[in-house]
Every structure is written in structure tokens, then in C-alpha cells.
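First chain A sits with chain B, and in the next complex the same chain sits with chain C.
Up next, the complex of A and B:
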């Protein structure tokens, strides 16, 4: 055997060894009833054709490789952004294990979240007992300051009434009467994780602002000078939120970050386990009602939340994952206008540096074709930046994008000569993307970790920007918003472009164009 | 040092150079390049010149004798392409240390040569002298001679320490080293009546290969290219060529002239930059070869190839002319490119507002005048600050130059294209010019430039809330370049629903709107966070122009 105790091989190498290759070949030959390789090849080639693309796009029922996740994931993501808050998902525990692993694998941090562990009997008789026991246990075991309840499909299908259940549980003494238990119904069969984020955040704000489910008086808004900021579901929340705070501080604007999960997804290793860390304090969450305005960095993550806030008399405005010069300009100018504060020289300089960097390298990006997929706002922000750089974002696909997103994307394309041959694809999946990449090839693909299979399949180099990023570490620490963030995105794109030139020119036996100066 | 100074004098005394021939005896002794001015930013030294001239010889180990400074900074910095050997890219240096400088570095150099031969056994070793060993008196000639004899391999001294002068002098000293030690030391396997030398061609980005298929088609053999994609044996036997073409007149004219003297190889100057120049070069080559005994039908075949290639290239470039016509270009480069590139630009419909002649000979300048007319702005020596001023004054739409000027152009928000050695595209020959035009087109139309030229948007609005930019554009509407209008109109006013300024202005004008509410009714504008901006537009428009539609309705 190739494996031996003296020198134990990792799986990366081990199964490439001749013994294992032989074993796998034998298995295929003897037991797998393998098809004629020529036939497999023929079908493979056929699946790359425009004819297949047409069939692929005519798909009605089947979703293949979806680029979206479910509502409760977004709810958990939003909930941990509050001080000492334990997300509690009412439903089956398997779902919750997924959210925890999803977030853990992306952020490389523990992700604390509990479920009411509904089983078959609960599905038949209702989940009230699970809710009551669950709240009591989690309150006693994990000592949270708040428990934010969301739901899985299971609880939604049988129609569990969260408001009533929580009330009953409090009456039964699961948690103290005045303990904060906001809630949101977040069924996976509606929307995606960005909808869940929206619902959970709205649920929490509603809880604090509108009288805690009838147990307290509603808050009276007395406007102050503060500005609320909502990041939305964002895989770069650690870097982005810190960048946004830096910008607010530089502008000397008073602010509240709502659902600030930048610390809980980036806890230090110093011997202390932090189940909860940082986050928006409950007091600030309540006081946020008095703010002058609320800015959301992601329109499609906060549609309901912003409407709710606007209903309380605040000015609200939404951006679309602001990446690049113009998008950041607009964000800063909005901030400046609302707060009445000037944009400081320090930020003007950062802007100049980003413009300078773009100019230094634009020749390499200019005219390159890109495909992008991801959440609707991220797609929009990246497209905006690519158009700024003179690149052509030919295919922009968002599984959880809707008609409104499509129209806004097309308007963005129409605003630039580089967007003329570009299309937005709402509600499509990565198997659609595969057809697009084969029939209308591009130079680079921007997407999350799942894109690596598209990269291998279609030969389109993948630039990893999105959520989740499982197979690269620490990207979430660097912002993609603001001028600094634009710089990070620019470098990421350029690195891949240069890597590609090197890869293409690094041909054994030749010695041209594999240059040290690019 | 006496032999080195004699050699420098010899190099300076260049009858092939018209400029030099015009000088008085005393001036000639002073040399042909300006001595670097202390305190001002200067270009490369003689060592650098020698190194870059010879480095493209690909099967040669280039050994730099000196402290780490010289090779450490110049290792593998040449974008030449090699079709085979790669040893030219390996950085070899004696990396002299303090002890070597006290006790002399010759032994170390000798050992270094031996180690290269033992490890790599290249076709030859070129040993470059640098300032420090030259100052302490290391005799690289003697070391190279001894090593050649001992190991039976060519070990060629290139005596061009940095302090002797400019980069251009270094180019020539490198050429001199080839003449003294390499050319004529070997014989080719066979010769043909169509063997040529290309002198001063460096195969940057492989551009020689763009032209070579034409040579192959015509049956013209490049016996030796000095030095792009060059092999030691080829240059050593290059004295058997029938004719030579001098590509970069500045760097290697002494090589061409002396080969003519010694071996009777006629040479002419030519360029493959631009369509007409490529055709002229091919024509001249055919003519000279036929004069020297090549079959007479070569001329006819050459004309056929020229006609075909020109037609193809013109057709390609024609598609760009509408986009490039009337655009003004500023060219900062040297030597042959100062007149050959303008020709190419003119073919693409561009207008030349200035070309640098710092490194150009009188003949080059004459050619520029011929092509561009008498009034073309010839810039002798341009300090970065002046260059900046000129660009900032927007007297040009694009600058073409070497990499060092890039950042000046960028700071002045000027589109820029690299046409010197660090470029990554091949611009030679008929196809190259198409590529150049394509790159100019890309550079000119990159959305970056608009971003670069625009101030930060918050500078548009004056402190009192009055929109400065609006007032300005309306007040000076006649002066607003038509180019800016689309970008001004495309500016998003309503961020939430993506409504641009143009849409809102049109609606105001068309319906004669006066309030934000009315604008909301007639457009998608939300009127929330953009309320103030819409008010600004309303105010500006009511001041500047009467509502045309209302008047018309009345």
C-alpha cells in the first residue's frame, strides 16, 4: 500500500497513487456498469451547445446548483448582530445545524444557534411544548440577553403561531416576563436568506419600537442627529462593518449599526470562549427609532425593514452593495447631506488613491468579459464597479434576484457603453450559468466557492467574491465597500488576471511572455 | 583605463552618424550624448545600456561583475522573447563584497565563470564590467581571456562601467564588444544569397516574429539578429550576411557601419513600425539583396507581399478611423520611434501634437519634418513637470511613451499607452500597427479617464448649497465640450429608483415642471433622499432657460 505509518499521506496525494488509481479503475470496470466513454463524451459536448442551452433555459421545475440559501440562515445572521443574542430557530434541528456549519465554514468561527428540535410528534400536535422547553433550556444554559426566534419550514407548514407560543411560554415561566424574545416567520419556501435577514431584523426592531408584542408602550420618536446603518446579509460583514464605522468616525457622524455582527464572527483567541461578542446593544436597538435616517447598504436585503422604519417617520435610503468609486461617492454624499457634515480630506485622498490605482491597471481590465453570480445587491455593486473599470459584465445571474432587480440591472447596463451586450438573469441557477459560459464564453467568472466546479468544467477562471467562501480563508476580513474596499476588489480581480497570463505563458520548453514585469 | 577611454573615443567618432560628422573636432571629443546633469533626474547608465543591448542573446550567460546593486536591480528586466534557450534570464553576478573590493575581485570573477560553465555550459558568457571593479582596477579583459583559453569557451568582456556615461554610450560599447570579440569568429553552416542581419532589433514582446513569416515567405533568411532572440553562434557568424537592416539607429549604428567596412555588408536604416515603413523596409531589403546577387524575381515577389499585407492592414485600421480621427497624440519616445510611430498614428487618423526628439539624430528630425510638416512640436528634453503641464493643459488626448512617463500622464488624467520596452504588446509589422491602433482606441475610450478628470462629486456643490457645477454648465453651455454632456446627463440623481439627471431635465423641460412633487409624478424619481438634488436642478433650470415647451404651448 502507498500509505504507511512512517509517512502518512494526506488525501490530496494519497488517492492519486497507482494502487488507488488501480482500485478505482477496477471498481468502475467491474461494478459500475460504466457507459461507453465515447457516448459520455458525446453527451458532454452536446451539453455545451446552444441547442442544450435552449432546453436548459426551458427548465420549469428543477433547480440545479442554486446560488441561494434559505430564510432562517439570514435570520440567524441578523440575530447574532445584537448584544448577547441567541438565535433560536423554531423547527427541526437539522436545519439549524446547516446554518451553523455554513456560517462557521465561511467565517472560520464558532456559530452559536439553537433550535426547538421539533420531531414527528411536534409536527403532528404542534410545536408549543418544544418552544416552551426550548426557550427555558436555552435561557438557562446559555444565559443570553435576548433570544431571537425564527422558524424553519416545518413549523411554518403546520402554522405555529410564534407570537402566541412565546406568550404562552412566558406564562409557563420558560423565560422571565420582560425578557426580550423578538420573532420572525421565516419559511424557506418563500424568498431566500436575504428575505430572512429582512424579516428577522424587522422583527427585532418591531419588538423594541412597537411595544414588545403588546407588553410595553410603543416608543415615541423624538428625532435626534444619529444615523442608523444596516449592512444586510454580507459575507464581508467583518471587514465591511469596520470600514463603515471608520468612515462614520472620520466624518464625525453619530451612528448606530443595526445587527452589527462584525465582532461575533471575528472573536480573538485569548483563552476565553465568547459565545456572544459585540453587537448592537439592546438599548441602542430601541433608541434607533429616534434616528434622523436609516441607510441600508443592500436594498434587496432590507425592503420590509426600510418600509417599517420609514413608517416611523425616518428618512430611509438604500444602496446596492456599494463597490467602487461612484457607488462610494454616492454613499458618502448621502451621509454628508443627511448629517450636514463635510466629507473630510482623508476620504477624498482615499478616493484619489483608488482612482489612481484603477488608472494604473485599467488597461488590463478594459474590455475583459465577466460573468457574475450571487445575491442581487452584490451583483449590482460588482457590475457597477466593473463598468467603471471598462470591463463588460456579460452575464449577471442571481438565483434570488427578482423582476425589479432585473430591470434595475438592465438600466445599469444601459447607462454604460460597456453594458451594451450584458444581460441580467433573475431566478436562474448555476446550471444555467454553465450553459451561458459555454455558449457565450467570458474571460472571468465572479462568484462564491461553488463556482470552482464551473471553473473546472468551463475553464473560466473564478474570482472568489461572494458568500459562501469555504475554500479560501479570511477574505471576509477585508472590506469590499468604501474606497478601501474598492481597492481590495480591484486587487483581487487583477491578481487573477495576472495569474491567468502567467498560467497561459508558463509553457514548458518556451520562454516568451512569461515576464516579471506586467 | 586607457584602453577603455580610447575605445569610448572610438565609439564617439562615428562617421555613420550625421550629427557627429557635423561637429567640430573638439566637440566630437566631448562625445555625442549629454553628460548627466548632477541633481536632475537621469536615465540609465552605460552599464545598463550595454546590458539591455546584449541581454536578448538567449543562449548566453550574462555575468555581471560587481556588487549586488547592478544585477540585483536589472535582473530579467527585458521583455524580449526567446524561441529556445532561457539562460539569458538567469541572473548571474559575482555579488562582490567588502573583502573583494579590498583585495580585488578578479579571482572571484574567474571562479564565477568556471562555476557557470560547470553548472550550465552555455554557448558563451558575457562578462559585464561595473563601476566598482573598474575603480579598483579589476582587469576583466585579462580574466576573460584567461578563462576562454582555460575552458575553451567564448568568454566575452563587455567593458562598460556605469560611470563612463549614458545608456546610449553603453549600447555602443556593447556593440563594440561584439565587433571586437564575437562577430567573425565562427562560420555559418551554409549561406544563401538572401542572408541578412537585423541590427538593433530586440524582439520585444516577440514582435520580430510578427514580421518573420514575411521574410520566410520571401525566402529571406535572418542569419543573425542583434540581439533579439539571438544566438551566440549566429552573431559570431553574422559577417557572412549579404545585407543588413539597422532597426534602432541610435543603439547599434557603429556595429552596422563597421561591418560594412570590414566585411562589405551594406546596410540601410529602416523600421517595421507602421505600414509604409514596413513596406519600405521590405522593399529596401529586396533591392539591396538583388544588388548583391540575389535572384531578381525577389523584387516582384516582395511587391506582391507588400500589396497583400497593406490591403489587409488598411482594411483593419479603416474600421478604427472614425473613432480615432482628429484625436491628438503626444509622443514621448526616442530614436527611430520618433518618426516611425507618428507615421503609424497618421495612418490611423490621429493628429500628432508633439514628438520628443531627445534621442533622435538630425536625420530622424528631418524625417519627422518630412512627415509631419515643419510646424510639428519637437520636444527636445522634457522634464516631468513640463510634461505634466502640457498634458494638464489638455493639448493632447493621449500620450504614448515609455513606462517611466506613465505616472506623469496618469496624474495629469491623460490616457496613456506604453510603446517602449516594458509594453506587453507587439506593435511591429503590418499586424502590429493594427494592434497599436486597437490599444490606442481602448486607451482613449476607457471609462477611467472620465472618472480621473472629474473632481470628487461633492466638490460640485458649493458650501451654500448652490450647485456650482450646474451653474457652470448652464452659464457656459457653449463652452461645455460635447463629450461631457452625456456623462453629465447620465449622473444618477435618484439613487433609489435609478433616475438620471437627463431624464429629470427632460421631464422638467417637456412638462414645464416647477416642483419636486411634479417631478415625482412625471418620472420614477422617488423624491426622498434626492429631493434636494431635484430642487437644485429645478432652480438651475428656471434661472437658465425659459420652459421652452410652455412657451410653445402658448
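Up next, the complex of A and C:
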């Protein structure tokens, strides 16, 4: 017996001891009808080959380890970015349990959201009663200022009409007539969580700007000097949004952050649970129609939203998760151009510091090969930064990237001598990535927590940047945007590079390359 | 400090009842009437806890429950390690449930075992419009090509499958025939079925019956039986729970021929009808198949509880009671062997935890099963409830576990749970990830009691020290003394007369 009250062994150590190892070996031998170890080894080796890669890439029906989630997750993420807003997902209830868990596991924060809990009878008769009862209950229990409705695939398959249902619910008195209930259809079988973000945000803006589903006059736009900013679906929303606000303040630009969930995903532990915190006020959401321009940090999270905003006469600009020097330069220059404000010296100094850091460390990154996967904008932003560092982002894969993303990525590769042997893989998954890493190895992999399986299988060290990050804490609190964010990403990459050198050279009986100065 | 230590039972009951009434005032009338049936105060001697259960959740209240898919793929089938479980439908369900339950297993992932991979048919609009059966056919072919060492396939239905009229049973039969009788199991666990995870467990159990047991052939028998063969049923090996249980059963002289389903394999499922006794940990999720095996194969089953030394010893003796003296002696030997460890754990942790109060809200068996473990450490459970329990769970709870006056809340929602905790001020809340940060913000120590908060195992004698350590570090963390800024701290009200 290895267990001990003084030095308690948990799963990390307990099962690696001889008693349990013997037990597991016996179980396998006697009862599991396990495969011949030689056969397992043969298949394992085969799975690393170009031949396997070819079969793997020929898949048409099967998806394995995708790097994307479904629309309503993005809708919930966007909705909680508004003041006092309760996301309400119409459809089966298990979905909501999943979104809440998923967001809580990443942010280590509460995630509040309700479901209309539709079951078999609603599948037959439609979910109107669920909507009406649900809105009434949510309104009374959680005292929201707004309820933002989206849908699970169940409600979409049976064709529930949100506009009509919300109208009828109001007629039945579920919520007051003028209570804000924007909505968006968010079918899980179209697009991904970034599509859901887009649909939900557009739904909310449409509600406020275009007459609240026929119950109020449409807003007349009277342009002002403000600039709207949209972050998109972003696992770093806490750090990034605050960094963007700091930059806007430094530039003395008046702004409205739309769907600002940086506070609700970062509430203090001080004895009070804040179900709602911060967020774009409903007044600001409405007034955002008057802004001079809207800037989106993530093009593929906001395609419909930006088109909608442009339709109201604003200038719209989209970036691609701006990481690094040039991407930040472009963001600041665009801000300066639109606002007419100069970029202050303080930001120029920050820029210089990032360039300084990159110059100091460039020798360790230059020429290193990387694989990246994640949401399309994040992939673009990280690729752009790696190219600035002289690294080669050889494989860039986005399960929810499309043809347009692919073309834009290839153009980015073509713009740099370091991108010449690099490829973008839209619509592929992490099992495809596994084949890429075996057949065309790289030095480092950048991706979310799920990348640890790739790290284990292929030995490619994982740098955790993306969503979700479940197995490391608090990374979302630091920005990756702006010069300061670029610095954070640089340090994260460097730390892994140096850790790897140490790991490779920490060999008993030798004392070479295990340097204390690098 | 809990009021449980300062008030009489009658006062506690009155206060808990008052609390329930208070909570109900927030609801519209119709909802208040429905919710009132799910909240009660336990009366000693009663056969159940006096609450309705296994009814539909009310829309819009923020139920903590999940769905049938979660019950089948997430709980019952997902841990079977040498089979591939397809999340059939849109991408989300499989994505959110990917690797989140920590069903530990030994094997080469992606080659001969597959638990921590996310296989999905990733439905697109055209699959909804034209049906997904053809895609499923092709998908199974692709699985066979890329994962030739898989021992079977299950098709875990997501909501759309049942709504668009796909015939996954026909696909399963055809593909099974094509691949020489390969085990391919269609599971109708669409998320809109039933009221919670619970129906998913039942559907998954029935799928084992219909698509594994009913297809058994004599040549599938792979070992000689012994009189001491048992199967562990309803242990999902979360953090290794089934392993720290198995080791005790083997030490007492039994032979564990199957684990359902943590670290389990298809061969183990198929061998289970040869067991002499099925021992059932999670009654809720696997009583169905246990009853079926009793009826069809004459295998008796017994429930057991491996949380905390009191219940472990009681359970070891209960299990041994089905066997001869050799096993009975074995049970006593095991209990004696671990007694010094138990004593050392209690000596170390009980003084730090004595009198601390706990409120629970979990699924399956835990709202009752863990109570003994807390009591072994001198702690008291003052409120508990089931996410998806049935009346038989509440009967077991009333008759064997909870104390007079315990607050009972079935299918509690965010609002109710927060109010109850706020008013009852327990020293610890044990619930899930969705609740964890809510209560920690409130300054209440918390442990996730689904995933063991990424710790474990908690089952068996090897699990108890980990359980004790974890509860201690949650409750006695110095951080709970820092939640109030010192310049904002309000002086504690003092009772002058008592000083």
C-alpha cells in the first residue's frame, strides 16, 4: 500500500506505483481482449506515414477532434457583453449546460444562461409555451435588463419562429411590452461559434437600431465622433478588451465597445456573486448607430454584423486578431485616421519596446518552424506576428476557416520570404494536423488545450494560445493585442523555446549547452 | 458557522421551511406551484424525502441539468475505451463533452483506445435537409480504414437525428453485416428526450441489452469462470475511482471480470453475464442493466458505497455476504489492513473539519453516497438534492443517509441554490463546474463533486485520504480570510451577554 496520510498520493502518482500497474496489466491480459502489442505498435507507426496522411486527408464524412464549437456558444458569449443581459437559448436544455460549463472551464468564472428546456412534446407542437413560460420565469427570477434569445439546433430543425414567439409571449404578458428581447437564429449545423457570435451581435444591434421588431421607430443616424469597437469571439477578451480601452483612452478617442464581456468574465471574489457585471449599456448599444465608424478586431466573427452596420452608413473596418508590430500599427493608424487624433508618443514608446524585445530575442525564433490552429482570425494574427519574427508558420489550420480565409492566408504567406513553404488548411481538424506534424514536422505547435494530445503523440511542444484553454489558468487575463499583447505572446513563445532547449540538454553526465545565459 | 449547531431540530426545520417559502415568492404562480413540490425538509422516519422528482425542468429557471445525450455518450458509453463513439449530428455536443469527465483508462489513444478523441459527423445544413444516413455509412467506412483496431462503434444521436427521421438502426445493421458481425450500436439518446441525463442512461443501458447482449455467441467466452467473479457496475473511473475500488475487491479474493464502464472494454461488457454477482455503485445510471441481467441471466446485484471508511467497510462485508467464508475473511483482512491508514487520516483531518457543514447538489449517487465520508471526518450535510434523481433515489437517501431536518432540493436551479446557500451559510458547497465560481465569489469554499475538481480518486481506502485532503484544503484555505478588503471590513456582530 503506497497511500499515506502524511503524504497523500492522488491520481498523478497513485496509479503509477507497482500495485496498480500490476492490477492494470492483469486486467488487460485477462479481460480486455486486448490487441497484440506488436500490432498496436505497427498501426501506431503506420499512422505516422504519408500513406496514412493520404487516407486521412481523403476523409469526407468523418470529423475527428475539430477545433470549433457550435453557433449558440458564440451567441451566449456575445450576449453577456451587454449590460444586465441574460442569454436565453431556445431549444433543448442540455446545450445550455454545455455552454456554461465550457465558458466556466476556460475563464474560471461563472457563466449565466438559461434554456427554454424543450422536450418531446415541444418537438411535436413547437416550443411557443416553453418560450412564453421561460421568458416569464427568467424575467422574474434574474431581473435582467435584457434577455437575448438564440436557438439550439433542435428548435431550428422544427422551425420555431423566434420573432413570432417573442411577440406572442409579450402579448401573453411574459415580459413587459417594451422589455428588450433581441433574438438571433443560431443553427448549430451552419458555421461555428464565430457565426453565432456574428448572428447574435447583429440581432442585438438590429433590435436597437431598426425599431425593436416593429415595436418602435427606427433610429435616425446622426453621425458623431465616436468609434465602435467589436472584439469578436475571443478567449482573451478580458485582457484584450481592457488593452483596447487603454489604447483608445491614450489616443483620446471616444468609443463604444460593443459586446464588452471583459468584466462579466472577470468578477472579483469579495463575498458577492455578480451575475451581471459591466457590459455595453443598452443606451450605448442603441446610440452606437450614430458612430463615425465601427472597427472589428476579427473579420470572420463579424461579417454579417459589419455589413449591417455599413448599411446604416458607417465606415467599417475589420482586422484579423491583431498581434504584433504591423497589425497594431495598422490598427492605430486606422484609429488615428478615423478620429483625426494623433498617435501619442506613449504608444510609439510601447511600439519601440516591442521592437526592442523582438530584436533582442529574434535569434532564438528566426527560422523556427511552427504549426498553428484555431479560429480563422486568430490564426491570421499569429501567422502575421511569426512572419515578423522571421519564423515559418508552416501549417496553419482552421476548422472553421473557409475558402476566403484560405486565400487571404496564402496571400499573407506570399507577402513574406518566411511564408514561402507555408500552407493554410481550411475545414480541417486536429487529426489532419496530426498527420501534418508527423509527415512534415515543425519545431512548435500553437493551439488550444486540445493540442496537448498532439504534443503527446507527435512530440511537438505546444504553446497554448487559443480557445479553450482549460488546463492552464489565467492566460485570458493578459492581452495578446496591441504592442503590449505582442510582448506577452513573444514571451510565451520564448519561454517554451528556452524550456525546450533546457529539456533537451538537461542530461545527466553532460554539461554542455545547458547554459545559464541565453 | 452553521445554525445547525446552535438551534434545535425543530427550529432548523421551521427555518428551512420558511426559507423554501421565501424562495418560492420570486416565481410566477404557476412556476411556484410546480417548484414547491421539489423542495422540502426531511422528516426522520419518512420513507422518502417528500419531494417530487424526475419531472420536466421548468423553462427559463437556469436548471443545472443536462440531456439524454450527456447521459449516454457522456456517462455510460463514452468511457468504453476500445469502441469509437460517434457524436452524430452537429459539432457542439461532442466538443463540449470532449475529455471533460476524466474517465481514466489505460491504452494507446487513437490506436487501440479512443475515449479522449472527439468523433463527430459534424452535420451541415444539407445533412439536415437530405438526411444523414449516407454520411453515416461513409463515416463508418472511414473509421474502419483509419482506426482498424477499434473493437466496435456506437452512434450517439444528437437532437436532429430523431427529428429528421434518420434510420441509424438500419445503417448499423447493414454495416455490422458488411464488417463481419462487428458490434455497431445505434443509440437513440437525442437530447430532447426525457427530462434530464437520466433517460439517456436508461436508453444507453437498453442499447447494451439489445445490441451487445442479444448478439452474444458462445464462442465469445474467453476465460474460465470462477465462483468469485464479479463485475463493477456504475463506476466511471473518474480520477481512477474504479481502480481504487477494484484493488480492494481483488484483495478480498474476488475476481473483477468487468468494469462498467470506466476503463471498460467491449469484451468486458460481453463477459458480464458470466459474473456471479454484479456490484452496483451508481444505481441511478445502471440499475436498468443490472435488473436485466438478474432477470435474464439470474445474476444477483447489490448496491455498495465506497466513499469513506464506514461505508467502505459496511459495503465490503455486504458484498462478502454473497460469498463463502474465504471471501468473508478476505473482507475482514482488507478492512484490518487499511485501518491504520484510516486512523491516521481521521487523526490528521478530523480536528480540522469537525462540525463543518456541507451542502451538496450533484447527480447520480453522490447526493447521498458521499454523506458517510463527510461524517467520517466529523462533518455534517445540511442540504442535498439530485440533478436527475428519481423517487427511488430519494427513498434510499431518506432511509439510509440524511438526518432529520435536512433541506432537500430536487433539480435545484441557480436562483434557489444561491438563496439557500446565502441563508444557510454552509462551510462547504459540493456541486458542479457551473456552480463552483458562483459560490466562491460569495466567499463559500467549494469542491466540484462530479469531477472531484480534477483530483481523485475518491473511492476506496486509497481515495479517502485524497477526499479528506481536498475538503480540508477547500475549507481551510487561507484565501477565504482575504475576501473582504480590510478597509471595508465590518466588525462581526458580538453577543455581549455570552461573553
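Note that the second predicted complex is superposed on the first by the 510 of 518 C-alpha atoms of A that agree within 3 Å, B and C clash if a C-alpha of one lies under 4 Å from a C-alpha of the other, contacts with A are read in each partner's own complex, and residues count from 1 in each chain.
Note that in this section a contact is a pair of C-beta atoms (placed from the backbone, for glycine too) under 8 Å apart; a residue touches a chain by one contact, two chains touch by 3 or more.
Keep in mind it's a predicted model, so treat the numbers as computed, not measured.
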item	value
Contacts of A:110 with chain B and chain C, given as first, second, both or neither	second
Partner chain(s) touched by A:276 [first = chain B, second = chain C, both, neither]	neither
Chain B versus chain C as contact partner of A:388, first or second or both or neither	first
Which of chain B and chain C A:366 touches, first, second, both or neither	first
Contacts of A:209 with chain B and chain C, given as first, second, both or neither	neither
Which of chain B and chain C A:32 touches, first, second, both or neither	second
When both partners are placed on the shared chain, which of chain B and chain C touches more of chain A	C
Contacts of A:405 with chain B and chain C, given as first, second, both or neither	neither
Chain B - residues contacting chain A, complex	58, 76-77, 79, 81-86, 89, 205-206, 406-407, 410-411, 413, 422, 424, 439, 442-443, 445-449, 451-452, 456-458, 490, 492, 495-496, 498, 500, 528-529, 532
Contact set on chain A toward chain C in their complex	1, 3-6, 8-11, 14-15, 19-20, 23-24, 27-28, 30-35, 39-40, 43-44, 47, 52, 55-56, 59-66, 68-70, 72-73, 88, 91-95, 97-102, 104-105, 108-120, 122-123, 130-131, 133-138, 140-142, 152-154, 157-158, 187-190, 192, 267-274, 431, 434, 450, 453, 457
In the complex, chain C residues that touch chain A	26-28, 30-31, 56-70, 82, 89-93, 95-100, 104, 106, 108-112, 116-125, 127-128, 135-139, 142-143, 145-146, 148-149, 151, 158-160, 162-164, 191-195, 197, 222-223, 239-240, 243-244, 246-247, 250, 256-259, 263, 265-268, 271, 337-338, 341, 344-345, 347-348, 413-415, 418, 432-434, 436-443, 455-457, 461-462, 465-466, 468-469, 479, 483-485
Footprint of chain B on chain A - complex, ascending	299, 315-319, 325-326, 329-330, 332-334, 336-338, 342-343, 348, 351-352, 355-356, 358-360, 362-363, 366-367, 387-390, 408, 411-412, 415-418, 510-513, 515-518
